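One chain, chain A, links the two complexes that follow: it is found with chain B in the first and with chain C in the second.
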Partner chain A sequence: MNYVFPNELHVTWTVMIVLYPYITGLVAGSFIVSSLYHVFGQKELKPIARFSLASAFVFLLFATMPLLIHLGHPERAFNMMITPHFTSAMAGFGYIYGSYMILVALEIWFVMRGDFIARARGGGPVAWFCRALVLFNTDDTPATREADHRIVKFLAGLGIPLACTLHGYVGFLFGSIKANPWWATPLMFVIFIFSAIVSGISVLIFHYFVVSRINRWKIDAECVKSLGRYLWGFMMVAVALELMELLSLAYEQTEATDVLGHLIRTRLFFSYVILQFMLCSLVPFVMLGITALFKLKERTAYLLIWLSSCLLLLQVLLMRWNVVVGGQLVSKSMRGFTDYFPGIWEKEGLITAVVIFTLPFGLLYVFHRLVSLFPDAEKLPEIKSGA
Partner chain B sequence: MPCDDRISRRQMIKRLAAGAPVALLVTVFPRLAFGGDRKPGEKRPLYAYAVDVSRCIGCCACMRACRAENDVPAGFFRTWVERFRVRGNGEVLVDVAATDGFVFKAAPDEDIVKAFFVPKLCNHCEKSVCSQVCPVGASYESPEGVVLVDKKHCVGCGYCVQACPYGTRFIDPVSHTAGKCTLCYHRIVRGELPACVLACPKGARMFGDLHDPKSHLSIFLRQRRYRVLKPEMGTHPKCYYTDLDLEVI
Partner chain C sequence: MTILNASNEVGAVRPDYRHAYPLLIAVVLGVTAALFVRHSLVPKSFGRYGFYRADALDDEKARLSRHAGRAACAECHEDVAALHARDAHGSVECETCHGVGDKHIKDNDAPMARADAKDDCLVCHGLLDARPGSFPQVDWRQHYRFVGVKDNATACVRCHSGHEPLYLEQDLRKARLHPLIQECASCHIGRTDRTLKKPDAHPQIFQCDYCHHDLAKSFARGAHAELRCTTCHLFVKENAFSGRIVRNTNPRFCLLCHRKADFKSESGPPTIEWPGHIKDVSNDALDPKRPCVTCHQAQIHELYRKDAQHAM
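Now for the complex of A and B:
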């Protein structure tokens, strides 16, 4: 028996709303990695500290894009800030997002002020742009650097609770919907924070390996191994939280248990059980465990860490899909399920999603051309052919 | 010059400060005392709805009337009628009529032991969670207890669609804003009945003022046992159902 309320045949929140928490998760995760270096003094993360901050910034720039594409009236988006309705969880979005954006932009500015000043010398449009960026103050002495450093530390510290707020808040948007049994759990926002950190670390590892390979840079072993260990730890917490949620759902045997059990066994079986848990959680868990506990050849360890990061990036995307779409598949009549798969070319379809997701990487490249995001990268020695 | 400037600014602030209580008195006091546009002593109505399930014959005249009155976009529903059929083995079959109504077979081939129809619509909840979650306040409760959407302000985020536990909202594909039952607000403010109530040939749908003890609805609710849908959601629906079976969610 499959009955859904007639208005539920249309799924309201599309793949754009899957992408939105995914991208904000990458922001929060990348930011936390940079703060591990700036605030908690994890020196081995230095090679990636700038890159992680820049990643947080560019992802943040694009985080609202899927939302704007989704809104029926994007031209009224600012109504949320001009006429906020504070009983709504969503009303806080603009403020939280805005303040976080200011903080990350300021932190980047202070971290890279020296580099902007270096680029500001000479003529040409780029130099002019950099001069404007440093507000025509090209003072760069040990004393100014020291002051910048202190400010960065403060901002990075302040940013941690704000990053958790930004992403925990996204989880809360779903977790507070009492009408939806698949969403309504107070654990939702903790799950979202941890999965955000997992996706953030994963995207940094993934990207670091790719750019190092392209540029023939030497990979910093300490940095990668440390990231691998963090990833292992955070993914364990993230997956454990989700499993706890499932366990209590199954054990409590409430009205929702039947319908949600059915959801997991049928509509979400492939994307949730097979892909999210089996392939993309269990496999990286084992692989990262091996790299953390055993001494492996460097190449093997790198390969395992990189593969794990790819799988975990996918895992978090699947998690967002299973939450956002999965929750809407269950009818509020508790008697059936609807269907959804995005079209390829439609406005909120797959091509749009892919484009939105690739844009930040392009911007990161431009950023890197402006100031180096890997200032300490060493070139691998040239291997001469025939030598 | 800067000095003059400062003086004029101070004067401005003083004037504003003096003006504020006057403005407050002029705008707020009459509202507090007389309730806005009402005459003194007149009580504002509190509109609500009732469905006598045992009277509904599933003709779907209400759905057609609603569509005609409110220009509801195809594929979406401000109100609908569910058909429940219970088999001998306890299995429950539920379906909903297409726009033209249900298809009835002359001789049912299934072992149906019980069947009934349940009209559904927005419950105009007293604690409407849809209004609570609207980030811009475009979803709101009118002073008469009718839950409405300001189409000029709605951003079309769909949060209210997710939040309503009854599936009564949708995003209108034409206006790209939230759509829902308005209890035919344009009619009821003129003292007319909602289109669905007027169209129902069996009087299964009722509308009235809860504040008026002599209204048809108040009398009906005093005489009959009723319940609301999903009371556990804490939304305090104002659509009351009599003779509702346990199967209905």
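Now for the complex of A and C:
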């Protein structure tokens, strides 16, 4: 009895719309890690603080790219900014995104101003670019650094609620669609914020290990263990919230419960139950718990933390997939499902998704070539250990 | 220019914010410029009638129609239009397959499109869960296997003419009335999920065998048992109680499956040369319109005299 209305057969929100909250989540998560250092004084996160801020910035640059590729007329996206309306949730996102972009750019300017000035010495296009970047004011004194430090602290503090708003708003975009029983829950805001933090910390751990391994840098044990503990804590809250949402859906026994149960047991069984919860939540929960509660050899602890970060990156991606695609599989008749799997080469296909997701990492490399994102690690030579 | 070493630490010195002033001014100017640009980009007529650009109405009104309509086509192509009007595509506009006709009408040498590739037909007739089962649609792979089509790239029009896809003997919309036929497949075509509950207010099922029990039994034993009764006895629902029915005995309809063709393999239904077949099996004068059931009725289903008058 697979009854689907004609306008439900085609899944409109494709893998691009899966990627959009995923990348936005990486922004919010990375920024919050940098704020843990700048605002809350978590000194052990210093080795990764600058990198996390740069990550937030580059992911932010690419966060809207999947949306623009999804649109048939991307140039019309700006119309909603020109004539915004309260009924357009995306117009609100445009303004929040714009404000957040200004804030992150300003914070980076103040955090890295000293490095830009150092690069501004000498000739060549890079030096000229850096001089322009610091607005041709190359004063770098203890007094200016103190000012930068205070401004960064203020901006980072202001950025935390803004980062939560940015990603909570993405959750709101889904959670406010009352016609879709798989999305319509006020918990969606909170789930998105916590899963964003989990993905942000995970991508930083993943990247830190990979970059350190490639460059033969010494891993900062305190930093990694602290990140591992934060990751453990935030993933517990994120997964608990996801399960609580499921619990409330099951307990409410609304007219949608039957079909959603069917959705979970059939269409999403592999991606939701097996992958998202069993493999990518339970396994990292155990592994991170072991690293946090037991004394392990450094190399073993690193391996467990790195593996957990990989699995949790996948967990959050699967969560986005199961929310975005899963919600569109259910017919409003509550009596049928449609199908979706992206093509490989199509406009909104897997290759496009991989390219979009890879671009921020490439830009991070360019950023690192301009200004070192791991200044402390570079100062320390030797060491062949890593993940 | 004063450069500090990286080792210089910030400490309890009086902060100097002067270097941040140009940036602050740049941000304020940038935001102001952005707001100004936004304001200047709002169309002048925006909001006159509602939350949209009022001039868009005039823009739309000024657009010229590019579609000419079937009447314009029939002025020159009367014969094709008449064929097309009484067959299954009768309600489909010519320009649906042939593209917009404005240029061709102004200049008869301007070519018209011909949407006759398999994928063009599947836009409407591809099997989709979301289409009502009463709408003709096929799982083309299964259909090609069934008919024995060798090459998957074969166009549908090799058998089904776009103008006369079913070679109907009469217009189905003007055919005789028949009580409603409503089978499971009338709505649920393609994949079905029997694990879902049947709703309480499910429409009543009216199957052919409820009234034509003996015929249905005979049909189920015959060579055409894989087909539905409504494959040959075409039925179109008109209201909740009845519809129109026509028994299609046009030989060209049977030949959709049974005509020999280079693109068909031996795995499909038995095929014949047409119109040579009549000469091969009878001494009668060649009559290409003679119904196949004249000789082959028993291979479809037996006719029971009692039911014969209702056998349509």
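The rule is short, and it goes like this: the second predicted complex is superposed on the first by the 377 of 387 C-alpha atoms of A that agree within 3 Å, B and C clash if a C-alpha of one lies under 4 Å from a C-alpha of the other, contacts with A are read in each partner's own complex, and residues count from 1 in each chain.
We adopt the following convention: contacts are C-beta pairs under 8 Å (C-beta built on N, C-alpha and C of every residue); 3 or more make two chains touch, one makes a residue touch a chain.
Keep in mind that what you see is a predicted model, and the values were worked out from it rather than measured.
Visitor: Check chain A with both chain B and chain C modelled on it and let me know: fit or clash.
Guide: The answer is clash.
Visitor: Touch test for A:Asp258: chain B only (first), chain C only (second), both, or neither?
Guide: In the superposition, A:Asp258 touches chain C alone.
Visitor: In the superposed arrangement, does A:Gly72 touch chain B (first), chain C (second), both or neither?
Guide: A:Gly72 sits against chain B, while chain C stays out of touch.
Visitor: Once the shared chain is lined up, is A:Arg335 touching chain B (first), chain C (second), both, or neither of them?
Guide: both
Visitor: According to the stated criteria, A:Met90 is in contact with first (chain B), second (chain C), both, or neither; which is it?
Guide: first
Visitor: Examine A:Ala179 and indicate which partner it touches, taking first as chain B and second as chain C; both and neither are also allowed.
Guide: Once the two structures are laid over each other on A, A:Ala179 reaches chain B alone.
Visitor: Is A:Asn137 contacted by the first partner chain B, the second partner chain C, both or neither?
Guide: second
Visitor: Who does A:Tyr3 touch here: chain B (first), chain C (second), both, or neither?
Guide: Touch status of A:Tyr3: both partners.
Visitor: Considering only touches as defined above, state whether A:Trp128 meets chain B (first), chain C (second), both or neither.
Guide: Once the two structures are laid over each other on A, A:Trp128 reaches no partner at all.
Visitor: Check whether A:Glu146 is in contact with chain B, with chain C, with both or with neither, and answer first, second, both or neither.
Guide: Second partner only, chain C.
Visitor: Counting clashing C-alpha atoms after the superposition, which of 6-14, 24-32, 42-50 or 132-140 on chain C is the one that bumps into chain B?
Guide: Of the candidate stretches of chain C, chain B runs into 132-140.
Visitor: Based on the A-chain superposition described above, do chain B and chain C contact any of the same residues on chain A, and if so which?
Guide: Shared contact residues on chain A (touching chain B in one complex, chain C in the other): 1, 3-9, 83, 85, 335.
Visitor: Within their complex, state which residues of chain A touch chain B.
Guide: 1, 3-10, 12-13, 70-74, 76-77, 79-80, 83-85, 87-91, 93, 173, 177-180, 328, 331-335
Visitor: Please output the residues of chain A touching chain C within their complex, sorted ascending.
Guide: Spelled out, the residues of chain A in touch with chain C are 1-9, 81-83, 85, 102, 106, 109-110, 113-114, 117-118, 121, 134-135, 137-151, 258, 262, 335-338, 375.
Visitor: Going by the contact rule at the top, pick out the chain B residues touching chain A in the complex.
Guide: Residue positions touching the partner: 75-77, 80, 91-96, 120, 129, 131-138, 153-159, 161-171, 175-177, 233-234, 249.
Visitor: Within their complex, state which residues of chain C touch chain A.
Guide: 1-4, 6, 8, 10-11, 13-20, 22-23, 26-27, 31, 38, 41-42, 46, 51, 128-131, 187-188, 190-199
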